[in-house]
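The two complexes that follow have subunit A in common; it is paired with subunit B in the first and with subunit C in the second.
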Partner chain A sequence: MTNMRASYGKHDVYLGIDVGSVSTNLVVMSGAGEVYHKEYLRTQGRPIPAVQAGLARVYQKLPDIQIKGVGTTGSGRRLAAAIAGADIVKNEITAHAAAATHFHPDVQTVIEIGGQDSKIIILREGVVTDFAMNTVCAAGTGSFLDQQAARLGIPIAEFGEIALQAKNPVRIAGRCTVFAESDMIHKQQMGHSVPDILAGLCAAMVRNYLNNVGKGKEIRPTVLFQGGVAANRGMCKALEDELGYPIIVPRAFDVMGAVGAALLARRHIEESGQETNFRGFAVSQARYSAGSFECSHCANRCEIVNISMNGKLVARWGSRCGRWEQDEIAYHSPIDHLQELCYH
Partner chain B sequence: MGITVGIPRALAYHDYFPLWKVFLSSLGAELVVSPPTNQAIVNDGVRLAVDGTCLPVKIFYGHVSWLSKAGVDSIFLPRLISVAPKEYICPKFMGLPDMMAAAFPNGLRFISPVINLTHSSRLFYQELEKVGKWLGCTAPDTRRAWDKALAAQESYQSFLQGGNWPAEYETQQDKEAELTVSRPLDTPSLRIGLLGHSYVVYDKLASMDAVNRLQGMGVEVLTVDMLPPARIEAQAARWPKRMFWTSGRRILGAAWEYTEMSVDGIIYITAFGCGTDSLTAELVERTVRRRSHIPQLILNIDEHTGEAGVVTRLEAFVDMLRWRRGR
Partner chain C sequence: MKVTFPHMGTAYIPFRALIEGLGHEVIVAPACTQRTLSLGTRYAPESACLPLKINIGNYLEAAELGAEAIVMAGGIGPCRFGFYAYVQQEILRDIGCDMEMIILEPPASGWRPLLARLKYLTQGVSAAQITRTLRLTWAKLVACDRLEQLSLTVRAYEIRKGSTTKALQQAYREVDRADSVDMVRRALEEGIANLQSVPQDRQRSVLAIGVVGEIYTILEPFVNFRLEEQLGEMGVVVRRKIWLSDWIFHHLVLSAFRKQREAQLVSLARPYLQHFVGGHGLESVAHTVQLARGGVDGIVHILPFTCMPEIVAQSILPSVGEDYQLPILTVVVDEHTGIAGIRTRLEAFVDLLASSRAKAGSRSEKGRLLTPAASRSS
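What follows is the complex of A and B.
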């Protein structure tokens, strides 16, 4: 009779976890699809403690919530799923697209720039029709902006505001961060102002993004700009200048991956009627350890990773042949009805 | 006991192994083929290779190193320049015998007939006869061995055109060969056309097992070799300017054929730094977009072992195709 319930209990919620290279984000969403709470943490190279700390914070602030489902995404999605216990594990493209259409059903382009990768997602009538991610080069992502802000002694949070004060943005080579940096230093020694240099850098990053990631893609409004870099107003302005029309930065721009994961988890639970695999907030206090060994069965010498909780093995992966793989969660879940989810 | 001849399981091997194996064994050589690429072979190759080569060439170094450690007398390494009239292949193939001679200076002998079909067939047979002579065979014996080898090669190519994989052909021939492609039991719900050089697509390690991953997601995977050569040729001939790289020409023709077959998606797997692909991939991307709405994914591979990037792209691509289908 569960589907007869007219409304979800106020505290029945879905949890989305996005473990990226730079940040680990957790989002608590109501059954009705509103962002109830969000946590943005720096991963700092240690994803397991980051997920645990995020869970602890959520529990501290919302002790009464009842988690109905958990979704994970990001490059650390499998690890996050092993720690928290997940119902669905999804790639970042699908998660970002799900979140974008949830808030803006008319979205046609999603520009996402994160810490170490950037992507473009093209949607038509609520369906992903094309996407691209940056290839081997990380030029034009958040890490480089971070690094340049640090070099100039500017807090990253003020970067955008300073760039907006530019009067004559300088021209900076954006193809490669090594060249961009030497160009910036050259301009600074010539006497150009910091705002002009920062605005020039934003413009260079946008050009690089559109030429590489956005190459050949039909960018049409409504354009959503999401990912951590969307906080940088200098980047927003540079994008708008280049595209020639306004773009939208959604309210939850920095946690859209986690939002998508939570939405996909909700869909999965509602469709399957299953109980969640969530291990409970107690896992934030559990002792997790990740160990690895080199398998000597063949010449591939795969690096096998063991994840254990309080000394008990909970997941293991890394073998090419599959001999060691142990995942408690379903890795490939169907999303056949995703578009309905987006219009709920 | 004949002379042991080593064959590296890399680069042109994937296209021509039945030809080479039958030819050399008919001439009385004892063949030793290196195993499918593993991490130790890659590591060895990366250590030995000259700067600036693509991953497949580095892998080739690793296979030759494996064979040299296995104690073969010689290595079969034809100097491939042109395998079809008025067409060429990647210039690195031409330089391979020199690269290997420089990397393995001690005692390893390379049998390197020059294969250049833009020259006369008389010169071509002279090159083959040199190989035969070295293995102690007469010119007529060599011709007979070659005819036999050609027949084997034809049967291999028609086997692939039947929708099969090279590893399956090898298993048929040799029970000990590792079967690297397992077929899913379910009927696939999506069909993806794969593009790329055979030595990338068929090398499980280089391609990060893209074929198996796709099949595991319920996808039917097609390769260039599964398409009828006449169709590929006809499609490639529609190109306004002649594409003079053999594999580039086949890839372009196949891309056009895939668009006419209305596959659900096209994935181009390319090695980072590949010179010919830098043009071919660009041409494919543009023409497919101009002629159809079929989604495309270009997968760049290099020597990194982190699989997350490849897995994310493949999963997202398949999700998208399902999503489009469901609309």
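What follows is the complex of A and C.
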């Protein structure tokens, strides 16, 4: 909801959309690579309305912009691409890395902690050389912090400040959130102060992150900390304490995925010289519906997903054989990269 | 006796020939689906690795079709797989599923138990028929592997998504249908010709990724989310050293070759790992070295969650990767892993390899800059 810049006019801009499990972020970037505007919405399990609402808000604030290209990323990237009409659909790792190197070309490590997942990206000389995402367990992600803040009756926005007031952070088992929670309750019943417990929780989360996601990775400065959790100053401090040197939280830390998608869209448009596939802001008023059926043509029994706009099929994916992804869609779809989009 | 066996990729094709040739009726379990997994996880211990769960699902789905007996492999050594047949036997007994379990395993002390079980399976079958059956089984095994191997290259160049997989499935059906070695040979030749005539864009620059890891998770596409198909469709040629025919040849058929080959693998792995660690742990390290020397852009290491031998390999592979300047992606599969997560990692890995190859420029085997399908849009 922030205007990064007061002045904007009829500019050529690029739109990045990051549809994650918890939040849907939209970013408008100038052709020169500056963030004009960002929108941060809760996905709330309904990605289509979230993307539409995000587009509506962008249009309301910046009615004069001229979208030159659209990039989507996040776990809902294909869906977002179908709705908005994207020029490029990219995975989160590549998008985050693109955004990080854009603002800090010397970055060697990106630590990203979001709502449901966390990742580490190792770069050398501006090129991604290794990465990891959390598997199996959501310990060490934003959702758990949210949950614990709620349990203690603390607004999540104040969590970090309170943790910074800790005098003697307690030690909390961070291996598993279930154990962490019972450990926290134990510490709280023993009479430890809330700041000490919160600081201990941050330290436990950082250890968990470094031991699981960061396992076997060579973390070198410059380290960028991005994702929603980077707003939590308690987490930043815990990370710096554990690593032993300062980390950087980029200004657009919470929308870096969307920034990366916008940058990749810009590169794609500039290199290919193509016109954008963007469907226009009117899509925020369109009636989208998603449906699915099981294809019974062969033993694979693929689950086919249909996305329609105002009753007209605009995208369809899910089949292994490609049988449902042919001409009919290619005709309606403004998406050139059907192969990228349709396969999952 | 109506006999079934667990699924592992296309292994059902040769196994069907083998067991039918020995005079039994074969019930092939339905291909692995979410239902197979649900059935398996309902009855298997939670902390067991994925293969055990899928196996149980296969048995129960085969039982629904009337299967009465199961032929299952056993094993010796540190991998838990060695116990699975016995654990599965107990589980089936507990849930009142009255199926006979025939366990074939390499001898730990003497050949007698194995011979006794083989004798039980082959009673009343003439020596000539056994020989004929073994030859047919072997022919089918090799045919399936050769077809699959070819598809791993062709798919990276295919013009229409899915066309290679379609040709491959058709070829498998023909091999499965063949009932003589000659017919298998014809099916194989035809299959190869069909795969080669899949419309391809041979000008396309492709990446090469080596796949290493635990054999079951490599061979069964349901549990690895069709990893090799996904990679192929992103414009990646897949190379691997693990093949069922190879494994059977070296473990069961000719133990003389086995010694020689083991020595080769042991020497490849030696700078990093000096011990047999069970399963395919040592192979994963040795294969990574082999593939690296053969010139691949990266390695995907795949293992089931909690797999001990592969966890050992996983902690060693980064140093192999460092020595050969080879990025390595580890994929852990479990009952909970979603396809979206795997897809994201594979896409990101392919992007990583493409950009590092673009940067290295001439390091590319074919000497041209690269735009694999997945990053063509970037």
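Methods note: the second predicted complex is superposed on the first by the 310 of 344 C-alpha atoms of A that agree within 3 Å, B and C clash if a C-alpha of one lies under 4 Å from a C-alpha of the other, contacts with A are read in each partner's own complex, and residues count from 1 in each chain.
Everything that follows uses one rule, which is that a residue touches a chain if its C-beta (ideal position, glycine included) is under 8 Å from a C-beta of that chain, and two chains touch if they have at least 3 such contacts.
These figures come from a predicted structure and were not determined experimentally.
Applying the stated contact rule after C-alpha superposition, one finds that A:Gly216 touches each of subunit B and subunit C. Of the two partner chains placed by superposition, subunit B and subunit C are both touched by A:Phe131. Looking at the shared chain after the overlay, A:Cys302 reaches subunit B, while subunit C stays out of its contact range. In the superposition on chain A, contact of A:Ile88 is made with subunit C only, not with subunit B. Looking at the shared chain after the overlay, A:Leu264 reaches subunit C, while subunit B stays out of its contact range. When both complexes are overlaid on chain A, the residue A:Arg42 reaches neither subunit B nor subunit C. In the superposition on chain A, A:Lys61 makes contact with neither subunit B nor subunit C. Applying the stated contact rule after C-alpha superposition, one finds that A:Arg251 touches neither subunit B nor subunit C. The contact surfaces that subunit B and subunit C form on subunit A in the two complexes overlap at residues 75, 90-94, 125, 127-131, 133, 135-136, 216, 299-301, 320, 336-337, 339.
Residues 30-31, 33, 160-163, 165-166, 226, 229-230, 233, 305, 315, 318, 327, 332, 334, 336-337, 339-341, 343-345, 347-349, 351-352, 355-356, 359, 373-374, 376-378 of subunit C are the ones touching subunit A in the complex.
Listing the residues of subunit B that touch subunit A in their complex gives 35, 38-41, 205, 209, 216-217, 272, 285-286, 289, 293, 295, 300, 302, 305, 308-309, 311-313, 315-317, 319-320, 322-324, 326-327. Residues 75, 87-94, 125, 127-131, 133, 135-136, 216, 264, 267-268, 299-301, 319-323, 325, 336-337, 339-340, 343-344 of subunit A touch subunit C in their complex. Here subunit A touches subunit B in the complex through residues 75, 90-94, 125, 127-131, 133, 135-136, 216, 298-303, 320, 332, 334-339, going by the rule given at the top.
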